[in-house]
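Two complexes, one shared chain (chain A), two partners (chain B, chain C).
And now, the complex of A and B:
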C-alpha cells in the first residue's frame, strides 16, 4: 500500500512539470522517465533473478526499429509503439529459451551477443531498415512545446505502468520465485519452482517496457541508427542505475535513474571529451564503496536504530 | 586452388586470435573475472609498438617485449589495487568493475592518441613466401609464428614453473591452495598481469596487420570471447584450437558470403555453440 502511495504521489508531482513551461527541463524529465523504465526493466531479470543481462539495448533497439519501420508503412503511432513492445517480448521468448539455461558469465556474454547480432542484422538489411544510413521517422505536426509535453507524458505513462508492474510482481508468486532463483536456483528447482518458466517470464517483463521505451524514443528523436539504439551503454546504464539505487528493490532504480541523469547532465556540460571516463569513475567507485546501493545506507541506519531500540527494551 | 589460399589466410588470422584470447582465457579461468579491459589492453600494446617504431625505429617484433612488460605492470597494479578487493563478489560486480575501468582507460587513450587510425608501415618488409598457388606475406607469417611461440611459452610456464603450478592450483581450488601456502592474492595479481602481458604482446604483433585505434578495442574483446567459447574456457590448447577455428571459419565465411558478413557469422557460431556445447570443444574442468 505504501509503495502505491509513493508511486502515485511521485508521478503526480512529475505530471505537474509542464506547468513550468521549461522545454529543457521537460527533455530531462523525459530522459529520467526513460531511464526509470530501462532500469526497472533490467531489475526484473538482473535484480530479482540475479541474471546479469546485457540484452536491454537489444530490446530497446528492436522496439525502436519495429515501430519506425511500421510507421514508415503507415501504421498509426500508438499501434506502432505497442508493436515495438510486442516484438521485444517475442524476441525475449525466443532468445530466452535459448540462453536462459546458461549461468553467470556465459549468460552475460550470450545476452550481449544477441545485441550485436541484432545490430548486424539491421546493418546488413538496408532495404528495410536503412542499414548504416539510419532511418528517418515521420515528423509530427505540432509546436515544440506540444511535442515536448506529448513525449513527456507518453514516457511518464509507460514508466508508471512499469513501476506498477514492478510493485505487483514484487508481491506476487512470480517475484518470490525469481528471488528463490537468485538465492539458489538448484534448490528452487528441487522444491518445485519451475525455474525455467519463471526466468523466461521475468526476461519477458524486462523486454516489454524496454521495447516500448525504444519505440517512443525513436518517435521522439525522429532519427535512429544502429550504433545509437543498439549502443552497449544502453545495456550497461540500467545496471549501473540499479546498483546505484539498490538491487532488487522497487524504488532503487528510480533513485538510481535520478542520480545518474543528474550526474551525466553535469558531466556532459562541463567535460564533454571525458564523459565516458567520468561514467567509468562512478562505476568503479560504486562497485568498490557502495555495492548495495544508496538505499542500503538508509536501511543500515534504520536497522541500527531498531536494534538499539530493541536492546533498551 | 583458391581454397588453400583462404585456408592459409585463416590460419594466419587464427594464430593471432589465439594469442589475443589466451590471456583473456587465463584471467577468466583462474580468477573467474571477465576482463572487459582486455580489448583496450590489446590496443595499448599496439600503440606501444607504433610509438616505438615511429620514434625509435624499434621493429614491432622487438617491442613485443616492451609492450608485454608495460602491460604486465599495469595489469598487476589493477588487480592488486582494485579487483582483489571484490574478487569474492558475484559475477556481476567484477564484470561491472572491469567495465568501468575500461571506460576510463579507453577514454584516456582516446584523448591522448585521438581516434585516428594509425598503422605500422615497415620500411623493410620481409619477402613474401610463395608455395605453389599460395601467396603468404612474410611479416604476417612471422607474426603468426611469434604468436604461437608466445602462446607455447605461456603453456610451458604454466606447466613447469613454480608460479605456473601455483596459478593452476588457485584455478583448481582457491581455498585448498591457500591452505597449502599459496599466496592467493599475489597469484591473482600475477595472473592478471600475465593476461595483460599476453594482450600487450598480441597488440604489438597486430600493429603490422590491423589499423590501430582505441575504438577497435571492443572488436578484440569480442574475438577473445568467441575464441574462449569455441575452444573451451581456461586452457591454453583450448585457446589455440578456438583461435585457429575462428580464423578459418571467418576466412571461409568472408570468402563465401562476403567480408561484411564475417562478424555475423562468428557471432552466430558463438550463440550456436553456447546453446549446444557451452563448455567448448576442449572444455574440461581444471587449468592445464
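And now, the complex of A and C:
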C-alpha cells in the first residue's frame, strides 16, 4: 500500500513537469524515466533472481529496431512500440532457455554475447535495418514543445507500468521464488521451486519494458544505428543504477536512476573532455563505499530506530 | 502391502565411481527407516537419486505406483518427497518464517502466501522455533538451523521425509527433542528415512535399518538383527561395537 502511494505521488509530481515549459528539463526527465525503466527491468533478473544480466542493451536495441522497421512499413506508432516489447520478450524466452542454466560470471558473459549477436544481425541485414548506415524514423508533425511533452509522458507511462509491475512481482509468488533462487538455487529446487520456469519469467519481465523503452527512444531521436542502441553502456548503466539505489528493492532503481543522471549531467558539464573517466571514478567510489545502495542508509536508520523502540518496551 | 516408495536395482555412477550400485528396497507409510553406512557409502547420493538431484543411471524409483526416476527435483518435491540437507541450506537473508513458508508455498502448494505463512508458523511452533520466526535464518545457532531444515521439510507436506544427519553436531538433550519430533511425524503416517551416524539414535528410533557399503546394500532388517549381521560388523561397526549394541537390544 505504502509503495503504491509513493509511486502514485512520485509519478503525479513528475507529470506536472511540462507546466514549467523547460525543454531541457523535459529531456532530462524523459531520460530519467527511461533510466528507471532500464534499471527496474534489470532488477527483475539481476536484483531479485541474482542473475547478472548484460542483455539489457539487446532488449533495448531489439525493441528499437523492431519498432523502427515496422514503422517504416506503415505500422501505427503505438502498435510498433508494443511490437518492440513483444519482440524483446520472445527473444528473452528463446535466449533465456539457452543461457539461464548458466550461473554467475558464465551467465553474465553469455548474456553479453546476445547483444553482440543482435548487433551483428542488424549490421549484416542492411536491406531491412539499414545496417551500419542506421535507420531513419518517420518525422512526427508536432512543435518542439509538443514533441518533448509527448515523449516525456510516453516514457513516464511505461516507467509507471514497469514500477507497478515491480510492486506486484515483489509481493507475488514469482518474486518470492526469484528471491529463493537468488539466495540458494539448489535448495529452492528441492523446496519445489521450478527455478528454470521462474527465471525465464523473470528474464521476460526484464525484457519487455526495456524493449518498449528502446522503441520509444527510437521514435524520440528519429535515427538509430547499431552502436547507439546496442551500446554496452545500456547494459552496464542499469546495473550501476540498481547497485547505487539498492539491489532487489522496489525504489532503489529509481533513486539510482536519478543519481546516475544527475552525475552524468554534472560531470558532462564540468569535465567535458574526461567525463567518462570522471564518471567511472565516481561510480567506483559509490559502489565501494555504499555497496548496498543508498536505500540501505535509510533502512539502517529505520532499523536502529526500531531496535531502540524495542528496547524501551 | 505395497511400498510407498520402492527402489528397483538403482545405480548412480560419477565417472568410474559407482556411488550407488544396484540398490533395491522399499519404504512404507509411517515407517522410520534408518539408513546407515561408513563415510562415502553412498547414503547422501542415494537421497540425491531419490529426489532427482542426481538421477539414477539405471534402475527405477517408484513412488506411489509412479515412476519418478527421471522427474526434476521440484516436481518430486511437489509429489510429497522432502529432504533436509546434511549441510544446512537456509535462505540466509530471509526470515525463519519465510524460509519455511517457501516450502509450504512451492512444494506444499499452499493456495496463497498468507496461507503458506500460516502453515509455516504452525511448523515453527511444532519445532520450537516460533520465537525466532522473524529473525534472519543467518542468525540461528546450528541446533536451530537443523530444526529449521526439519520445519522446512515438514512444511512441504511430505509423505516421505528424508533426514540427512539432522542430529549431527547436537547435544544429547537436543537429540532427544529431535527424536521425539521425528516419532510424532511418523505417527501421522509420514515415512521417515533417517541418515544417521549415531548408532544409538538409529537403533532407538528406527523400525528397520538399511546398511550401505561401497554403494551396495549389504544388510536390511530389524535394527538388532542387522547389527549382528557379520557383513555389517566387518564393514562398519567392528566387533566391539556389535557386542555392545547388537547384544543389548
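Quick notes
Operating definition for what follows: the second predicted complex is superposed on the first by the 313 of 313 C-alpha atoms of A that agree within 3 Å, B and C clash if a C-alpha of one lies under 4 Å from a C-alpha of the other, contacts with A are read in each partner's own complex, and residues count from 1 in each chain.
Here is the rule we use: contacts are C-beta pairs under 8 Å (C-beta built on N, C-alpha and C of every residue); 3 or more make two chains touch, one makes a residue touch a chain.
These numbers were taken from a predicted model, which means no experiment stands behind them.
In the overlay built on the shared chain, the residue A:124 is in contact with chain B alone; chain C does not reach it.
Looking at the superposed arrangement, the partner reaching more residues of chain A, out of chain B and chain C, is B. Touch criterion met: A:105 reaches chain B, while chain C stays clear of it.
In the superposed model, A:180 makes contact with chain C only, not with chain B.
Contacts of A:188 after superposition: chain C is touched, whereas chain B is not reached.
With both structures placed on the common chain, the touch criterion links A:239 to chain B but leaves chain C unconnected.
In the superposed model, A:146 lies in contact with neither chain B nor chain C. Comparing which residues of chain A touch chain B with which touch chain C, the overlap is empty. Put simply, chain B touches chain A in their complex at residues 28, 32, 34, 82, 85-86, 89-93, 95-97, 99-104, 106-108, 110-111, 218, 222, 225, 229, 260-261, 263-264, 267-268, 270-271, 274-275, 278.
Put simply, chain A touches chain B in their complex at residues 46, 50, 52, 98-99, 102, 104-106, 108-110, 113-114, 116-117, 120-121, 124, 232, 236, 239-240, 243, 273-274, 276-277, 279-284, 286-288, 291. Interface of chain A with chain C (complex): residues 171-173, 176-177, 179-180, 183-184, 186-195. Across the complex, chain A is touched by residues 51, 53, 72-75, 77-78, 82-83, 85, 89-94, 98, 102-103, 105-109, 113, 152, 156 of chain C.
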